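Structures are listed in the sections that come next.
Two complexes follow with chain A in common, the first pairing it with chain B and the second with chain C.
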Partner chain A sequence: MLKYILKRILLMIPVILGVVILVFTLMQLTPGDPAQVILGPTATSEQINELRNEMGLNDPYIVQLGRYLYQVFLKGDFGTSYISNISITTELMQRFPKTLIFAVAGMVLSLGIGIPLGVNAAVKQNSLADYGSMTLALIGTSMPGFWFALVLILLFSAKLGWLPAYGTGGLKYWILPIASTAFAGITTMARQVRSGMLEVINSDYITMAKSKGVSKKNVIYRHALPNALIPVITVAGMSFGSSLGGTLIAETIFSIPGVGVYIVNAVNNRDYPVVQGGVILLAVAFSLIMLACDLLMAAIDPRIKAQITGGKKRGKK
Partner chain B sequence: MSAEAFLQVNNLKVEYITKEETVYAVNDVSFQLEKGKVLGLVGETGAGKTTIARTILRVLQSPPGTVMDGSIKIEGVDVLKLSEEEMEKIRGKKITMIFQDPMTSLNPVMTVGEQISEVIALHNDIPSSEVRKRAEEMLETVGIPAERYDEYPHQFSGGMKQRVVIAIALACEPDLLLADEPTTALDVTIQAQVLELMKELNKKNNTTTILITHDLGVVAEMCDDVAVIYAGEVVESGKLEDIFLHPAHPYTVGLFGALPRLDEDVEWLSPIEGLPPDPTDLPEGCKFSPRCPNCTKECRHWDVHLDEIAPGHFVRCIHAKGEDK
Partner chain C sequence: MSRAAVMEKQSNEAKKQNQFLEVMKRLSYNKGAMVGLILFLLVVLVAIFAPVLAPYDYAKINIKDRCLAPCAQYIFGTDHMGRDILSRVMYGARYSLLIGVGSVIFSAVFGVIFGSIAGFYGGKWDNLIMRLCDVIQSIPGMILNIALACVLGPGVYNTILALGTEGIAGTARLMRSSILNVRKMEYMDAARMSNCSNPFIILKHVLPNTFAPILVQATMGVGARIMMAASMSYIGIGVQPPTPEWGAMLSDSRDFLMKYPYMCLIPGVAIMIVVLALNLLGDGLRDAMDPKLKK
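After this line comes the complex of A and B, so read on.
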């Protein structure tokens, strides 16, 4: 098992390298000139050219790429922002915790509320509880996030005045942003778990468990749920990963300085190093989460574990 | 019918009701079984055999499965009237079931040992070390080394999985074992082993057994009593000898006619013509009449009842009266 984890971590290196090269290349190909952006519309072409020389932008592509890779992989330095001249590593480290709070809170809520909701809907299929939670799920998945966030602000900040509308600070400031982003996650999770459960709940081994005299609760939570969760884990991991890249809409609406806003602003400003730094962070986070998902699945499902560890007595499928 | 029979199923009627249609799966089935005996439920696929077994254990998929009428009395207690909690205490302990397909009846994410231990721990108040010891003993009993306790179902072959299922079913020494085609999914050699094992354990524990099968060879090998099921009805029932030596219902006769025999040289087997009736739209009168070689006008209209043509030998055919002796 340890060997497998090590192998997977080593495999992350080419993946991240590929991501870096791809992002770097794409940023080179996008129209727009950072020197122009920095100097503003009044700059002369001599001034621009001078700055381009200074920044190394006139060097051949391959030289620029080599320089960047050297910086990132050997020195762990993402460079400084073209616009603000602030170290990107510092900036990202400052912003990342806020994004992490978003992502973790969203995940915890969607697991904590979405799973029981989905299980309940599946167990009482075609009942009022099922229809109720599935209607809620439909609303949750189809309602645009920004609209829901605005409604929340209107209701809880403008009308009732219970919660602050924007900014950061104590716990109070987090409630609305997290609620607005987690709702969709909860409902998606509920739908996923419901369909997973429905598939499992009619299988022979569930009838078998019942016929052993296992109580209804244990049949559901001990026998059915672990099997139903296996396909859900990947989906949950994906959504957790992408929320680590920043939840742009919530960050913008609630004025939270997270990674999402940072990256999008950088894209608009042709702030290449920032974009690249952000994407690399995301790639690393994503790879780690996918690894965690695979390990979690292996922990639940011995068949997956057998595939991973290979070797000893492989089961037929 | 004697009142002291261990298992008494009376007028059982089960339907699968959906919005589109109603499947009449079990229609007015009655039979009884004495303690320690083995009853073979024989019939074609879809005749309602599995539904009967699932109803006895109350693990019918519901909806759509609904028990419309009847009673299932075990030692005088009607299991259909018990609460779900009371039923949980009976399942796995007093009544257990072996399912048809060993490939899918074990939970893929639990070790086989855990799955045996679970049932032991549920119904016995003993420390967990003792539970494990007993589960290991059970594995040994069904011919699997105890070292394999911590392995998962995917590491077992089909025959071994079925042994595990049998171990689970027998772990708490049930009074009534429902074996739903326990050997159908297995190849012939393994089949023989599994049957031998069941027979042995049955004898040892004096377990009353309902063996569901469509294999008359298995019936001859294992059973004391036989009930032939057709379209959700018992068409003939009696002692093994009654059925095998003096089959009275044309369907039973047809079943034997469809069997290849070693002692007769025939060019062709004689299968029963036609198909079983559509359970959503059963024929009027005798349900076998559309396929019956002896069918007369009356057969298509009269309500046919089970008649006792010899002591303990019941037949549902108006032409069977008085024959056979």
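After this line comes the complex of A and C, so read on.
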């Protein structure tokens, strides 16, 4: 098992390297000259050329890529913003916790609410509770997150005046943003858990357990649920990814100074090193969560575990 | 098993027809899917006949009638420049459908090509394409879209391109795994023995048999792309106002959220209806095509 974990961690290195190269290359392809952006429209072509030389923009692509990789991996330095001239790494580290709260809260809520909803719907298949929660789930997956956020603001800030519409501060500032990003995750999870549960409930070993006289509660919680939840781990990881994406928009709407606002503003200002750094940071965070999900799955699913440990463990059994 | 394969080859044409009809029949029994299909067709009709149906010119600015709440004259009200929101929503259907369908077709075509190469030829091509997919998929979708939009710039076609590129990896992976299932089938050996070329085998034998998951993914994908496009337009990196795309309309209404909420509710409901219709249809298609549910 330890060997497998090590192997997976090592295998992540080329993927992250690939992400950095991909994002760097994408940003190289963007139109417009950074030197021009920094110096403004009044700069002469000599000034621009001088700055380009200074910034190393006249070097061949490979040299620039190598320099960037060296900076990022060995120094943890994403460069400085073209616009504000502030170190991107410092800025990102300051903003990242806020975005992380979003994404983690989204994942926790989708697990905490989505799983019971889905289980309940599957156990009481074709009941009112099933139809009700699945209709809600369908609506949730069909609604753009940012629009749901606007509706929440209208309802809870404009109409009822219970919660602030934007800004940061105490706990109540977090409720609407988190609710708006978590809702899609909750509904996706509920749908997934329901279909997973249904598949399990109709399988032979559940019939077997029932015919043995195991109580209904035990059948659900001891026999069905653990098996139905294994694929849910991957869904939880994916929901972390989509929460990360959702926060980008939610931060803009609720004016929360996280990584999302930083990236979106940078895109609008053509501040490419910031976009580059932000995208890489979020991609790495996402990859780490997915890796954790994979490892967790390998740890608890005996079928996958057997594949990894090969024939050794099988003999013991 | 081999006999079954031979029989399958013999009655290939008839069976294919049957299979398609059977799927359609099962789909037609699914109420949700039918509701979705009808809703979606309605939206398509509105998009096509927008010039006929729209009561006003969607771009005509009429300062005198600005910010009017829904009333008899303007069923959905007017926006901050006095443009009729109903007409704009109707034209908006064109953009949203174009973006959703266009980007899905884009990712399907390239995804199928790359996935086929990876699954069918295997070896170093498989390795190269799949590792690239790993890299692309380790960036959350929305974030990759924003990065791509940053490279391509705003606009309808660039948004299609960004969303389409983002989806290639997912389709390629799906295609590859379907192909790996199909590759071991006996009819593939039969085709190879009768000296068919590889591209011919892929087109004639592999694609029809791997079509189902791609179709389901595409149906669901259109809805997801419409939502993503709206989000991108909302934060100003997708379609730009005054284009009456729904996300751009929402972005336009941003400053009037508190005062004139109908401006932001109506385009959002339009998005929801289309995506809901596609999700219902996609769910139905998946159930109808899933052989596990055959009883």
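Convention: the second predicted complex is superposed on the first by the 307 of 317 C-alpha atoms of A that agree within 3 Å, B and C clash if a C-alpha of one lies under 4 Å from a C-alpha of the other, contacts with A are read in each partner's own complex, and residues count from 1 in each chain.
To be clear about the criterion, a residue touches a chain if its C-beta (ideal position, glycine included) is under 8 Å from a C-beta of that chain, and two chains touch if they have at least 3 such contacts.
Only a predicted model underlies this, so the values are computations on that prediction, with no experimental measurement involved.
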Overlay on chain A: chain C relative to chain B, clash or fit: fit
First (chain B), second (chain C), both or neither touched by A:I263: second
Which of chain B and chain C A:I178 touches, first, second, both or neither: neither
Which superposed partner A:A236 touches (first chain B, second chain C, both, neither): neither
Partner chain(s) touched by A:Y272 [first = chain B, second = chain C, both, neither]: second
Touching partner for A:L26 - first (chain B), second (chain C), both, neither: second
Which of chain B and chain C A:A250 touches, first, second, both or neither: neither
Touched chain A residues, chain B compared with chain C: C
Superposed arrangement (fit on chain A Cα atoms) - minimum chain B/chain C Cα distance in Å: 11
Complex contacts: residues of chain C adjacent to chain A: 131-132, 134-136, 138-144, 146-151, 153, 223, 227, 230-231, 234-237, 247, 250, 257-258, 261, 264-265, 268, 271-272, 275-276, 279-280
Parts of chain A lying in touch with chain B, wherever the complex brings them together: 202-205, 207-216, 223, 226-227, 300-303, 306, 313, 315-317
Contacting residues of chain B [partner chain A, same complex]: 54, 57, 59, 61, 84, 88-93, 96-97, 99, 101, 104-111, 118-119, 122-123, 151-152, 154-155, 165, 168
Residue ranges of chain A in contact with chain C within the complex: 14-16, 18-19, 22-23, 26-27, 29-31, 138-139, 141-147, 150-151, 153-154, 158, 241-242, 244-246, 248-249, 252, 263-264, 267-268, 272, 275, 279, 282-283, 286-287, 290
